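We just call them A, B, C and D in the order they show up, numbering each chain from 1.
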Amino acid sequence: MYNIALFGAGRIGQVHAVNIANHPQSSLYSVIDPYQKGAQALATQYGAKIQTTEEAMADPDVHAVLIASATDTHADLIEQAALAKKTIFCEKPIHLDISRVQQCMTVVKENNVPLLVGFNRRYDPQFRLIRERLSAGAIGKAESLVITSRDPSPPPAEYIKVSGGMFRDMTIHDFDMARFIIGEDPVSIYAQGSNLVDPAIGQAGDIDTAFIVMKFPSGAMATITNSRRSGYGYDQRLELHGEKGLLKADNIHENTVELWSEESGCVGAKPEHFFLERYAQAYRSEWDHFIDVLAGHCEPECSGYDGEFALKIADCALESLKTGQEVTL
Amino acid sequence: MYNIALFGAGRIGQVHAVNIANHPQSSLYSVIDPYQKGAQALATQYGAKIQTTEEAMADPDVHAVLIASATDTHADLIEQAALAKKTIFCEKPIHLDISRVQQCMTVVKENNVPLLVGFNRRYDPQFRLIRERLSAGAIGKAESLVITSRDPSPPPAEYIKVSGGMFRDMTIHDFDMARFIIGEDPVSIYAQGSNLVDPAIGQAGDIDTAFIVMKFPSGAMATITNSRRSGYGYDQRLELHGEKGLLKADNIHENTVELWSEESGCVGAKPEHFFLERYAQAYRSEWDHFIDVLAGHCEPECSGYDGEFALKIADCALESLKTGQEVTL
Amino acid sequence: MYNIALFGAGRIGQVHAVNIANHPQSSLYSVIDPYQKGAQALATQYGAKIQTTEEAMADPDVHAVLIASATDTHADLIEQAALAKKTIFCEKPIHLDISRVQQCMTVVKENNVPLLVGFNRRYDPQFRLIRERLSAGAIGKAESLVITSRDPSPPPAEYIKVSGGMFRDMTIHDFDMARFIIGEDPVSIYAQGSNLVDPAIGQAGDIDTAFIVMKFPSGAMATITNSRRSGYGYDQRLELHGEKGLLKADNIHENTVELWSEESGCVGAKPEHFFLERYAQAYRSEWDHFIDVLAGHCEPECSGYDGEFALKIADCALESLKTGQEVTL
Amino acid sequence: MYNIALFGAGRIGQVHAVNIANHPQSSLYSVIDPYQKGAQALATQYGAKIQTTEEAMADPDVHAVLIASATDTHADLIEQAALAKKTIFCEKPIHLDISRVQQCMTVVKENNVPLLVGFNRRYDPQFRLIRERLSAGAIGKAESLVITSRDPSPPPAEYIKVSGGMFRDMTIHDFDMARFIIGEDPVSIYAQGSNLVDPAIGQAGDIDTAFIVMKFPSGAMATITNSRRSGYGYDQRLELHGEKGLLKADNIHENTVELWSEESGCVGAKPEHFFLERYAQAYRSEWDHFIDVLAGHCEPECSGYDGEFALKIADCALESLKTGQEVTL
């Protein structure tokens, strides 16, 4: 049984707490959060302790840390955990500044601790199946990848300001997905964007709608379609075209019930509302993988390098958006 | 926290054990099973005790019993639990002999304990949504109900012999579903069947393929399509036609990935393989309901009366199959 | 080029007129209809003559007759055409009285003329493909056939009175379809029905909603779901389950456009409105087949025997509806 | 009745010949093609004359010309027809060189004859419905347009050489579609491409796989996904995201039949094979529109300006592909 110290008792922390508690090989050992009330509620629910960061890092009974705290604390906590020789699960991103990410990676490397970066979508069974079927030769060589990713509704403008912008906060998942599916690092990127959803986002210096084109060494290409507001739920689709055909992963809808009538036509349910619903299974599978890492059965599939590379792509996308030129990575 | 004594550590018992353990208001207190090894394994996994039937019934710390043991033990255990004033969750069927069911119901009634009969499909979110939308007037009055229910592959012929036959074992779920959706007790039934899947089933005196037509007091009708072998997974669909349109619940497929290619056309995943996968959510929701019953928030939605009525329909279907006449209930 | 005399310039006659005129091997030679204005309009549109029945039958330039006139004239016209040695295409039904049908068949036989009875659905490419794939072994032996057939809205009660009732008028297509797909003549039939759509239909002595179960010599079974009013268009689906899997033909919808939105969910188009739209291709393919018959390349696929048998099933269904017993054919 | 002179008796000419002949207000008057055998076959089939270009242009009985001849003859024939005051239907493109197109437009304008350029996809009922629903406010303002367009298999490399390249030959339809749907002229374009399908295409100096991003004055954006080889039929999809939701047009598949089985999963039919099948209705609707133009009921919806603008976008896309920069129009 692995004892887990959980940093951050917010929305994502709570998702992980359930999975930690329900997994037969892990238990929620302690919760660390400056917001005491949230920490206490979560700790009570799962019979866990309240600890400070220092206590958790120093506690020999803590086998691993799960970092789901505020973004700007990730790098510091990773370094402290690395020094304390804890196995680390860190929510994306490691940091918004790539030089800080690189610094942090050095500490991780020096201390030789496993670090899993939480790009949860890699563990979605649909997307993973596409990756597996590509590897198994179902469509021959990959040629064109089309990623659709739209949030149901935009975050408040205050969040935009601390998020690092749409590319570093939202599209970063799609950048990682493109690398995960194609299995190569892109060589160039072009980004085009607009502020169409909420003027406050534009005033905060960001966009909310984007099309991105990436090219890979093999000649394969990927496009990403993003919007901060779908109006109909969380739109998460992926389509991979190869030399022998197409692999498509469609949305998962809220239910399978349809109403057919004179007035309305044939009406089905919307896609699952947002990531908590859509990626519930992905979060569980991600945790299963981390338990395997803890048990020494494998290396982290999604490493610090992956976290760093996704951020690097985001930075280049931003540069392309500003210059109107494709940027070479 | 409600302590649950679980009778039966087999396949269904294990499904319930997970849900009991994961629910914040219940815990698996004890396991009772004549097969000691199975009981022990399950008890160990969830930190539960091993008890005998007598110990469990006499134990004041046991708040409720979940009966998932062999079919022929259900009625006896229900009666013992009723006398011991335990709240009861019993897997269907109560008994294969309707007079024994009625006897059992009398004991339950005299002891005034809540009894929930486990027609799990009533808790499937898709089918429940159809019931709710019908009640909300989405299609006006119900007119025609079409239930498709096909198992992936037939059980062994030995099971057929102790199962009470297809109508009492398999179709009984569909009989209950028809009553649940239409909200009326049928007035007549006609059944036609064949032995097409496995000759051993015919030699055991049973059929494996059936069409059934039921009529309800309002003039609404239902048809049930059954097969013991689909060849492509667990086919569980429902379609309700009313005066203003149609409500349809489709299968849930294993995933949303499609392969489009020259040789194969457009290929999607099969329906979920069998009931453990297809009704995983239904089992969880059913347990949520039982916790509500235990907490005194509501009466059991699916009572002994429902269990008895479904069996009565099965008996009439069998009579119709033999006589070629529709049978009045 | 085959010259066709068309009896009946109404809705169905007009459908055939287009197909006759557009086919490179046939031309609309003459139109015969007691309603002169309709006959004249159609004749003018296609550059055809107006003839009387006697003129058409006596005219050596008429190679074939297409009978799309009122139902009660079909048998007489068939007999006259047979005596005049014309090749005959007759819309279903031949007659509502089976003894008159048999009489008529005798005349056809004595005169040795080809007679094609217009069960148009046999020529629908979807249903035909199911028949072909069954023959090619795609699902092994046929076991269960499920036919869904719902009209968009009920006909006026006056039509009901002359139609011979739902089974002889509407379900007769489904009876024929069951024989066409299974490839056997049924041995028994059970019918259950209600008057739910329009009280005037009940007052005219008919039903408007029905479930039917048929059994075939091989043990295969079929069920038919009928309603005179769908509320959402013409619902024409077919599903055939066999020992190795399922073949399904879904509705053809008005278009492929979907609207996904917050308020409405995921909305697609309704099924094609009614038979003129849904079976437009079937009517064309049926005419192609008749041209092949005229050219002596093949026998009529859908003969007088098929017309007679479908009516016989309808009569038995009516008897079952009245007696509550399955009727042996 | 309008007499039509058809230039070009090839594949596209034959498509138009059927529609001209079947339309109640037009007839195929003459066929002009340097390949005499093809011209004769088509003329015989529809009872048309054989003419030379000069004869057709000088013939006062010719009301309109349909130009479906080789691409490099389009501009010359348009000019001759304009001088002869014929109404003109010309297949795209007018010419591969934009200055020649502009010259040609001047002649058309001076002679004040209607010119319809055959971007057939504008008449596809699915895509047109999306345009209409956008106009009707179904999704508010347009934000992101996603066009998928993949041919079933690549043309021979010789064709590539005379085609003007993928952007001017194939993508030009998508450029026009983007303008048709969004209802604005784009302000910038970026193109990325690869030669993945056939090395011979690369040796001919062209690409066969492309992603394109366009931006419009309103901030709306469009992306186009192209491949010369799908492997599974003609992939023609369109998805328009707006402030209130999504409008999607899916492929039309060869039929609605599905096979569900153990070995194969759930298998549906491929998309319609290529443009002759997929856009059969679009060609008919396009001809209906041209008859309306001939009758003076409306102006050509798709004019020389549209033909010129689509070519201009193609030229800019080519420049972007070469420079790696987005190009301002």
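Just so we're on the same page, contacts are C-beta pairs under 8 Å (C-beta built on N, C-alpha and C of every residue); 3 or more make two chains touch, one makes a residue touch a chain.
As the structure is a prediction and not an experimental result, all values here were calculated from the model.
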(Q) I need the common contact partners of subunit A and subunit C, sorted by label. (A) B, D
Q | Of A-B and A-D, pair with higher C-beta contact tally | A | A-D
Q.
Suppose each chain is reduced to the average of its Cα coordinates; what separation in Å results between subunit A and subunit B?
A. 39
Q: Find the geometric centre of each of subunit B and subunit D from their Cα atoms only, then give the gap between the two centres in Å, rounded to an integer.
A: 57
**Q.** Junction residues of subunit B - those touching two or more other chains
**A.** 139, 230-232, 244-246, 260-262, 264
Q: Report the residues of subunit A in contact with subunit B in the complex, numbered from low to high.
A: 22, 24, 45, 125-126, 129-130, 133, 138-139, 244-252, 255-262, 264
Q.
Help me check something: in the complex, which residues belonging to subunit D touch subunit B?
A. 230-233, 253, 260-262, 264-271
Q | Parts of subunit A lying in touch with subunit D, wherever the complex brings them together | A | 139, 141, 143-144, 146, 148, 150, 188, 190, 192-197, 209-211, 213, 215, 219-221, 223, 225, 227, 229-232, 235, 241, 243-246, 324-326
